[in-house]
Amino acid sequence: MTAFPAVLLPLPVAIPLVVCAAMLATAHLLPGRVPDILATLAALGVAILSAFIAAHAADGPLVYWFGGWEPRDGVHLGIGFSVDEASGWVAAFIGLLYALTFVFAWGFFGRTHGHFQILMLLFLAAMVGFCFTRDMFNLFVWFEVMSVAAFALTAYHLEESALSGAINFTVINSLAGFLMLGGIGLIYAQTGTLDFEGIAAAVARGGRDPVVAGAFCLVAAALMIKGAIVPFQFWLADAHAVAPSPVSVIFSGSMVSLGLFGLAKVSAVVFAGSDQVQHGLPVLLTALGSFTALLGGWMALLQRHLKRMLAFSTISHAGIMLTGIGALSADGTGGMLVYVVGHGLVKGALFMVAGILLATRASIDEIALRGLGRGIGPAGIAMAIAGLLLCGLPIGVLDQGTRGVQGALAQQGHGIALAAGAIGAALTGAAVLRAAGRIFLGLGPDSGDEAGAPSEDEREKANRPLWLMLAPCCALLVLDVGLPAHLIEHALPRAASAFMHRPAVDTVAEGPGWLPWMSVLAALAGAAYGLLRDRLPAFVVRSVGATQSAPTRALEALHSGLIGDYAAWLAVGVAIIVAMLALA
Amino acid sequence: MSPRARVALLALAALILLPGAASVIAGLPPFGATIARYGERINAITPEARHVANMVSAINFDLRGLDTLGEEFMLLAAITGTVILLRGRRGEGKTGRAMRRPGRAVIPRSEAVVLACRIAGPLTALFGLYVVLHATVTPGGGFQGGVILASGTLLIYLGEGYVGWRDAVRSPWLDALEGGGALLFALCGLAPMLTGAAFMQNVLPLGTFRDPFSGGLMLVENLGVAMAVAGGFTQLFLEFMEETREADEPDEPGEESA
Amino acid sequence: MTVILPLLFLLTAASGTAVVLVRDPTRQIFAIAVNGLVLTILFDALQAPDVALSELAVGSAAVPLLFLVALMAVRTQPPEEKS
Amino acid sequence: MLPYAVAAWLFGIGLYGIATSRNFIHLVGCLGVCQSATYVLLLGLGYRWGSIAPIFYDHPPGTPAVDPVMQALVLTDIVVGATLTALLLVLTIQAYKRGGSLDPEKLRPMRAGSKSGRGQGSSRGKDEERTAP
């Protein structure tokens, strides 16, 4: 029999599933607000339960065997959940993000018989299952449930862009699922088990084995596709830009980073014993991560469609997270885990601001919205604060994550990745601050290259009071800034080593203190340039513009929206991973 | 990117991927030589431990029941998504639009078609039920049986026409069937926890080996899956068919009978 | 058995290729149904009757039916007027 | 080795189909081919010569049987395939109604130069053509 706290492990997955099945069964009988209330309560319940589990997992991971099928004679017969402290807190964060999103979307999806809430709850259950599981195939199942729920939610608006964006998203992420399943098949054939620990033991015994390396390539490619790493990132901008804003909050705030969370877990736990994988990973992950951070940041700066801008900024931050994993140390991974939470809080708040603008000002276009935000000052302040936090203002959870990642990179001499991360963060911060200045202060009459970026008319129902939308947004920011730093500092070394199944370390390294400030300064400079372009001397503007326009056009052409191109890039991406591992 | 550039890019990737794939294939155990320890072990212990003959059902509903739970809810997500996406177009209030189209007479079908469908319908339903109920002893189970049951309802469409079909098969009932089946499955997981057992641990009598009523809790879960799948796939067919009906065309039986 | 299995694998490769190379959706539906049927036979030969039954129900009946209906929906309805 | 080569081939040809497809319905079919690669791979890995199906009804337990785990995984995979196909076809139908085409070249998410995103079929599809307001 399982001891007390571990008995709770199935509940954070089972509760949302039961609630959504019951909601579907009685879909036509439920009165108006009941789905909203039920969904919010279920998400809160998940958050509280996960937090409770996480707190109890501090002494060691909690393990639960479904159906009572505990391992016999070294063979893992059933599916297990294994929750370490970090996984538990990430699940708690996700539950909270959902609860706040349900509040944000209160009544937004009123006439759908709770179908929106059903999909969101399924999405939530899948994410928690993804965090908790210790079985390869079970990981795949939750991965697919996440995907399927996400596909349907993306196209909710039924606009042409939403539909074609959803198709691209679906096709690419389905391919990711197939790759992952192929990898699982290979590793199962080679090791004879699906359990993380079982595979890890067999891999460590096996020595250099092309099958294990191949399996890792396939699984890693799948998780990087979910995590929107260059050159798999194309789907993200198409999908996140067109999804309803409450859905985008979840996508950017948790789905993308969860892909990388899975990658961190798989490479640290399952493939820890493969020297080939461990040798190849640092170069592969830091290189791809740096490239992603820069490309995402640059693209974000060039957008005028707010949600598309935020989507590219998510790509950039995913790159930074990947460099954190690439350090392959407790500092880097620990920093990355904190970063996941901090980024989710800040990015969620930003997408909520975008949703507020969509609902109250009926537009999402930065240039069209210029000066229109004056009546909703609090949203502007929230956006500015979020922008500053995004580029590295040294307070709050996101900053703590950044310092962890930067510390690990500095310690291991990945100077380029360190710089790329700082520049990427600065670029996305500059983009958000510029948009905030233009929308809420009416600055920046002269729109530069942004004007050529794609945009589209869009609006969302204006049926919710402003405070109801603003409250969850502010709650996210307050959480990010207000969470006591020493709590995280205290728990992080222990949690990160438990997450990676390594002996505990005492402290984690921290990056140079001046680096975040540099990012903030660069972001402010970038935003100021965008907003005050008309007041600068002409030769400055012209020379900067000349260096901007050509790469901009090339990059925008690369993000062509054509599914065929994306499929070709996907093959290239897998080939890059294979080549890097083959050389290791 | 032009199509040619795209194919060139693919070929470039293939240049690297092919040797990689070749070395992986060379590293795998030869085809048909051996099977994994996990599967071997399950074949060895499950007939005795769970009194079931069909190992695949035992894995799906007991050993790895959580996967099937996730799978069932994935289906539920897809069908809910389909409903949202298709109905959003038509408007939620008009789900039954084609069902009640005034002023249109039901064109009679040929006697032979009606008769054939009326005979084949119950037979298909019976076969579906057989497949569902014999999950633990013969190939098949809730999923396969559910799909067969759902296809059976299509025979109502062929035999009785679209209006008859829509009259017989109502969307809220399907929601209830689908959600209820999934709920039953999820509760099968939770209920044993009340008795102190693990999630989805068998607490019912196991029955006799090779008897259709063997496997205990598996049978209930199987029933839940069958309900969810039958309801879900019927809903899927229904919403898809509705999509072809919006244009004002004559109600012709058998147009989709390929 | 030793001859049948390789043959079936080759047939699977061929029918899969056909699905890709038949570019006209109307005819592709037949290729998809045939591919489903070939897979069903292959699975049965691989001693996987459960999977074969699923593939028969899903791959060679339900999925082609959905394709057919989708094609009809596209055929019967001109795209809505641009507003 | 043949089964694994066939699986790799199926995935490759499916990907090629997706990359070159000019019709979304055809593309969904190609995705199905990619998926059938995973079926073939998994069942191929779980097969053993001279073994029975893992159903001990006609044969007593203990008879050598093929790997039931792989079959259970493929069963789940088939459900995944059906759900994906259904969802994609729905998206395709709706995209056709909105965009008036099944061609990926003509149905693109939010491109520069198509500000309203609709009714500008002529200006779409050319990346160079940019309208800077």
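Letters A, B, C and D mark the chains as written, and numbering starts fresh at 1 in each.
By our rule, a residue touches a chain if its C-beta (ideal position, glycine included) is under 8 Å from a C-beta of that chain, and two chains touch if they have at least 3 such contacts.
Keep in mind that this is a model prediction, so the values were computed, not measured.
Colleague: Counting one step per pair of touching chains, how few steps separate subunit C from subunit D?
Modeller: Minimal hop count between subunit C and subunit D: 1.
Colleague: Could you compare the number of C-beta pairs in contact for B-C with that for A-D and name the larger?
Modeller: Result: the pair with more contacts is A-D.
Colleague: So the centre of each chain is just the mean of its C-alpha atoms; given that, what is the distance between subunit B and subunit C in Å?
Modeller: About 17 Å separates the centre of subunit B from that of subunit C.
Colleague: Taking the mean of the CA coordinates per chain, how far is subunit A from subunit D in Å?
Modeller: It comes to 25 Å between the two C-alpha centres.
Colleague: Just how far, in Å, is the C-alpha centre of subunit D from the one of subunit B?
Modeller: 18
Colleague: Between subunit A and subunit C, tell me the centre distance in angstrom, where each centre is the average of that chain's C-alpha atoms.
Modeller: 36
Colleague: Can you list the residues of subunit A that touch 2 or more other chains?
Modeller: 137, 141, 144, 148, 151-152, 155, 158, 186, 188-189, 194, 560, 562, 564-565, 567-568, 571
Colleague: Quick check: what residues of subunit B touch more than one other chain, meaning two or more?
Modeller: Each of 3, 6-7, 10, 14, 21, 26, 28, 36, 38, 42, 54, 56, 64, 67, 71, 74, 77-78, 81-82, 85, 89, 139, 143, 236, 240, 243 in subunit B touches at least two other chains.
Colleague: Could you check subunit D for residues that touch two or more other chains and list them?
Modeller: 2-3, 15-16, 19-21, 37, 44-47, 49, 51, 53-55, 65-66, 69-71, 75-76, 79-80, 82-84, 86-87, 89, 91-94, 97-99, 118
Colleague: What are all the chain pairs that meet the touch criterion?
Modeller: Chains touch in the following pairs: A-B, A-D, B-C, B-D, C-D.
Colleague: Which of the residues in subunit B end up touching subunit D in this complex?
Modeller: 3, 6-7, 10, 14, 21, 25-26, 28, 30-36, 38-40, 42-44, 47-48, 53-56, 58-60, 64, 67-68, 71, 74-75, 77-79, 81-82, 85-86, 89, 137-139, 143, 210, 236, 239-240, 243
Colleague: Inside the complex, what are the residues of subunit C that reach subunit D?
Modeller: For subunit C paired with subunit D, touching residues are 1-2, 6, 9-10, 12-13, 16-17, 19-21, 23-25, 28, 31-32, 35, 39, 42-43, 46-51, 54-55, 58-59, 62-63, 66-67, 70-71, 73-74, 77, 79-80, 82-83.
Colleague: In their shared complex, at which residues does subunit D touch subunit B?
Modeller: By the definition above, subunit D touches subunit B via 1-5, 8, 12, 15-16, 19-20, 44-49, 51, 53-57, 61-62, 65-72, 75-76, 79-80, 82-84, 86-87, 89-91, 93-94, 97.
Colleague: Going by the contact rule at the top, pick out the subunit D residues touching subunit A in the complex.
Modeller: Its residues touching subunit A are 7, 11, 15, 18-21, 24, 27, 31, 34-35, 37-38, 41-42, 45-46, 69-70, 73, 76-77, 80, 83-84, 87-88, 91-92, 94-95, 98-99, 104-105, 107-118, 127, 130, 132-133.
Colleague: Give the list of subunit D residues in touch with subunit C in this complex.
Modeller: Result: residues 2-3, 6, 9-10, 13-14, 16-17, 21-23, 25-26, 28-30, 32-33, 36-37, 39-40, 43-44, 46-47, 49, 51-55, 65-66, 71, 74-75, 78-79, 81-82, 85-86, 89, 92-93, 96-102, 118-119 of subunit D touch subunit C.
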